[in-house]
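As written, the chains take the letters A, B and C, and residue 1 is the first residue of each chain.
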Amino acid sequence: MDMIWDGIKQAFLLLIHGDPQVLQIAWLSLLISGSATLISLSIGIPLGAVLGLTRFPGRRFVVSLVNTGMGLPPVVVGLIVSMFLWRNGPLGILHIMYTPYAMVIAQFIIALPIVVGFTMAATQSLDPKLRLQITSLGASRVQLGWILLKEARLPLLAAIMAGFGAIISEVGASMMVGGNIFGQTRVLTTDIVGENSKGEFAYAIALSVILMVLVYAVNFILTMVQQRSKVR
Amino acid sequence: MRNTGKILSVCLILVVLAGLISFTAGCGGTATVTPPANPELIMASTTSTRDSGLMDVLIPIFEQQTGYKIKPVYVGSGAAISMGQQGNADVLLVHSPAAEVKFMSGNFGINRLLIMHNDFIIVGPTSDPAGIKGITSATDALKKISTSGINFYSRGDNSGTDALEKALWKKIGITVADNSSSNPKWYIEGGTGTGMLDLLRIASEKNGYTITDRATYLASKAVVALDIMVQGDPALLNIYHVIQVNPAMFPKVNAEGAKAFSDFMVSDATQEVIKNYGVDKYGQPLFFPDAGNTEAELGSQ
Amino acid sequence: MNQPQTDTAPLMEAKDLIVAYSGQKVLDLPSIQVFQNEVLGIIGPNGSGKTTLLLCLTRLIKPQTGIVSYHGTSILDGKAVLQLHRQIAVVFQESLLLNNSVWDNVVIGLKLRKVKPKEIKARAEKWLERFGIAALVKRQARTLSSGEAKRTSLARAFALQPEVLFLDEPFTALDGPTRQELLEDFKSVLGETRITTVIVTHDRNEALALTDRVGVIIGGNIVQLGTPAEVFSSPANEEIANFIEAGNIVHGVVETQSEGLALVRVGERQIEVCSELPAGSRVILLIPYDDVTINLPPTDTITTSARNRFPGKVVKLFRTGSQVRVTINCGFHLTALITRKSAEEMGLREGMEVVAMVKAVSIHVLARH
């Protein structure tokens, strides 16, 4: 119990003194997970909108894939990405195993089905007649998609929070493809595991506190944006 | 449609029940002797004993013979010793002599007994860019690596391997520490804290050098593309002790169980198993039994 | 309402429209035309295909077969459809506003059509004012009442200054008083702007009030087309008459015929009808509710020009506002629409013996076999 209290105190001190190590690790966490989230949004939102708004043969199959993907265990993703990126793997010549790029790839794969699934649900819940109305106003397909996405902005923000939340806190895939290398691929989650297995429990708790503060801060900002567009 | 729903629900319940039953049945233990009063024994050991596969052989024998049920926790020696210092383990099997001595002087443990040894080796890419292959002195090889600028990978996790490696660097005047940004640029800390194999993978992938225990190296040859560069230097000896956590300090530990395990590890039969372990698979033994020897007599058995 | 200019080329035309869902034909229409400046009504019962027709004419759905032409040019590909959409406006039964302010909703169509900002502002302000919702500009759409939302969607449509305005039962979802108010506003706007309009409705009062021509659609096809007066007083067949509730429908057989006056046997009674139909013809007669008078016996002392007198008993009295529908059984069921005042003065009650009178000239022959 003292350990938890010690950890919280240590977290406070680390942050106030701006301990460069911790700041670097926290920044790397944000950078990697932030990039992966942005990439998954840029591909996932249009994909989700298409799935939600159009009908095509085989759609049901794709939807079931997306739903399965939402529950995909991150370690499995890490394992599969590793198998591709290892020296002997098909993409071994890229030499990106144990680099932040590998982590962005793995986290992107984890976040993508979540973003697609949420966006699909958000667009599906729109009144189908609304589509007719907006089309009749003279919107091209692209304009229509854009307007409908803005109309569904509340659940879309939830999609962003869900996607980011899933990957900033995941550790299995990041460990496997990143290797927790100090200064290169060590992020908050992998560091927590590493410090814990060294026996540095207080420090691990401090890092945990910092991670939770970080996640809370990001979600707070996104929630403010989401709720403001609701209340106005 | 309604009937299908009912059938599915019944099947689901049966599956869950079957799972629960088999789970609890499986927890009954496979002891063939009368189980001791407190059969649960927490053994903190290192990742190298796990990764070599030795414990997978020894533990079942011990459990069969004594009726104890071992809960093995594999972490770095440093973490294992930490656990002992908090009374969270009953017995330790570790290989970090300096830290062990400190542990004993603090009265945290009793009966520190020599069990076995093997050696560390320096491994690196086949191309050997730093040109250290065949050098007999470990410290000379490390010096050469430091001037070549080729990356050296370290566990940085307080394990026995890590402690030895850092001590070697210290001998040639290079100070390296965990999580330090003042480490030389070619000195890279990595790995997930899950053991040597992980770091070997990283070093292999990134074509760098590292120190590893021979056992893990041999066990990992299939997935790691590194060759042995330096071996045989006495400074690279890796010595394992078993230590019982002091029941006087931590009354809650399973003292009888710890003693039973300690006795088991030094027994002739177990030492024989250790001697032969790995020969048929790797063509050479992974560990050398040392029970009863002094540290000076290592390897004479 | 003006006389339809049906001799000039139509503004919009559609031919051979067929729409089918899972093998079932919902729309099967050989031809329809919409002329400049007219208000065309499409009236029909639920499921008759009227909404489908509107969606086809606006190319919001693509018919299985058939071509929609606009100013003589066929609308064939996606580009033409987009062009079309930027020249029309559609108002649906639901207001279908976006989750934004009233202002944002009114201007969105204009923005999509790349109208200049100054022009956007001018038009939006004008039409918000015209529909009486200028004070609501900043309000969020989801906080509006149904009447306010409907006005917003109308302002949105008129601000576009469309060539053709399409409406699909725009006032059906509103409650009585709101509907009445909006209908009047809308009627005056239509009168001012003279925009070519196609309005789908199932309310014959709306059709009567707003349209120049009205087409009755039943079973996916237009079965009668004409001015509201024509259609409502002379429905072409029983089905139409039933739907528009023109009057009593009675089946009978012509017994005798002389000098343009036919005697039709209906059950035990004989009805005199102005018709040239020969004896033996089976006929369906339409006796408008408005043309039946109720009289208290004894009536043999009255000399009236009405050829038909039917004694019977009152079976039902149904009050609607200032009028009463009186149904009597005179060998067949006959319903009359009279003023409440008369009903009260006469002391009409269920079970009373009365005599219904109908002029032969009022009775329409709907069909003959």
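Assume contacts are C-beta pairs under 8 Å (C-beta built on N, C-alpha and C of every residue); 3 or more make two chains touch, one makes a residue touch a chain.
Since we're looking at a predicted model, the values are computed, not measured.
Visitor: What chain sits nearest the middle when you go by CA atom centres?
Guide: A
Visitor: Please indicate which chain is farthest from subunit B, where distance is taken between mean Cα coordinates of the chains.
Guide: Following the centroid criterion, the farthest chain would be C.
Visitor: Between subunit B and subunit C, what distance separates the C-alpha centroids? Give it in angstrom.
Guide: About 89 Å separates the centre of subunit B from that of subunit C.
Visitor: What whole-number Å value describes the gap between the mean CA coordinates of subunit A and subunit C?
Guide: 56
Visitor: If you average the CA atoms of subunit A and of subunit B, how far apart do the two points sit, in angstrom?
Guide: Comparing mean C-alpha positions, subunit B is 35 Å from subunit A.
Visitor: Could you pull out the residues of subunit A that touch at least 2 other chains?
Guide: none
Visitor: Please name which positions on subunit B make contact with subunit A in the complex.
Guide: Its residues touching subunit A are 75-76, 78-83, 156-158, 178-179, 181, 188-194, 198, 201-202, 204-206, 225.
Visitor: Which stretch or stretches of subunit C touch subunit A in the complex?
Guide: Subunit C residues touching subunit A: 55, 58, 60, 82, 85-86, 88-90, 92, 94, 96, 98-99, 108-109, 112-113, 140, 156, 160, 166.
Visitor: So in the complex, which bits of subunit A are touching subunit C?
Guide: So the residues of subunit A in touch with subunit C come to 127, 129-130, 132-140, 143, 147, 150-151, 232.
Visitor: Quick check on the complex: what are the subunit A residues that touch subunit B?
Guide: So the residues of subunit A in touch with subunit B come to 20-21, 86-87, 97-98, 175, 179-186, 190, 193-200.
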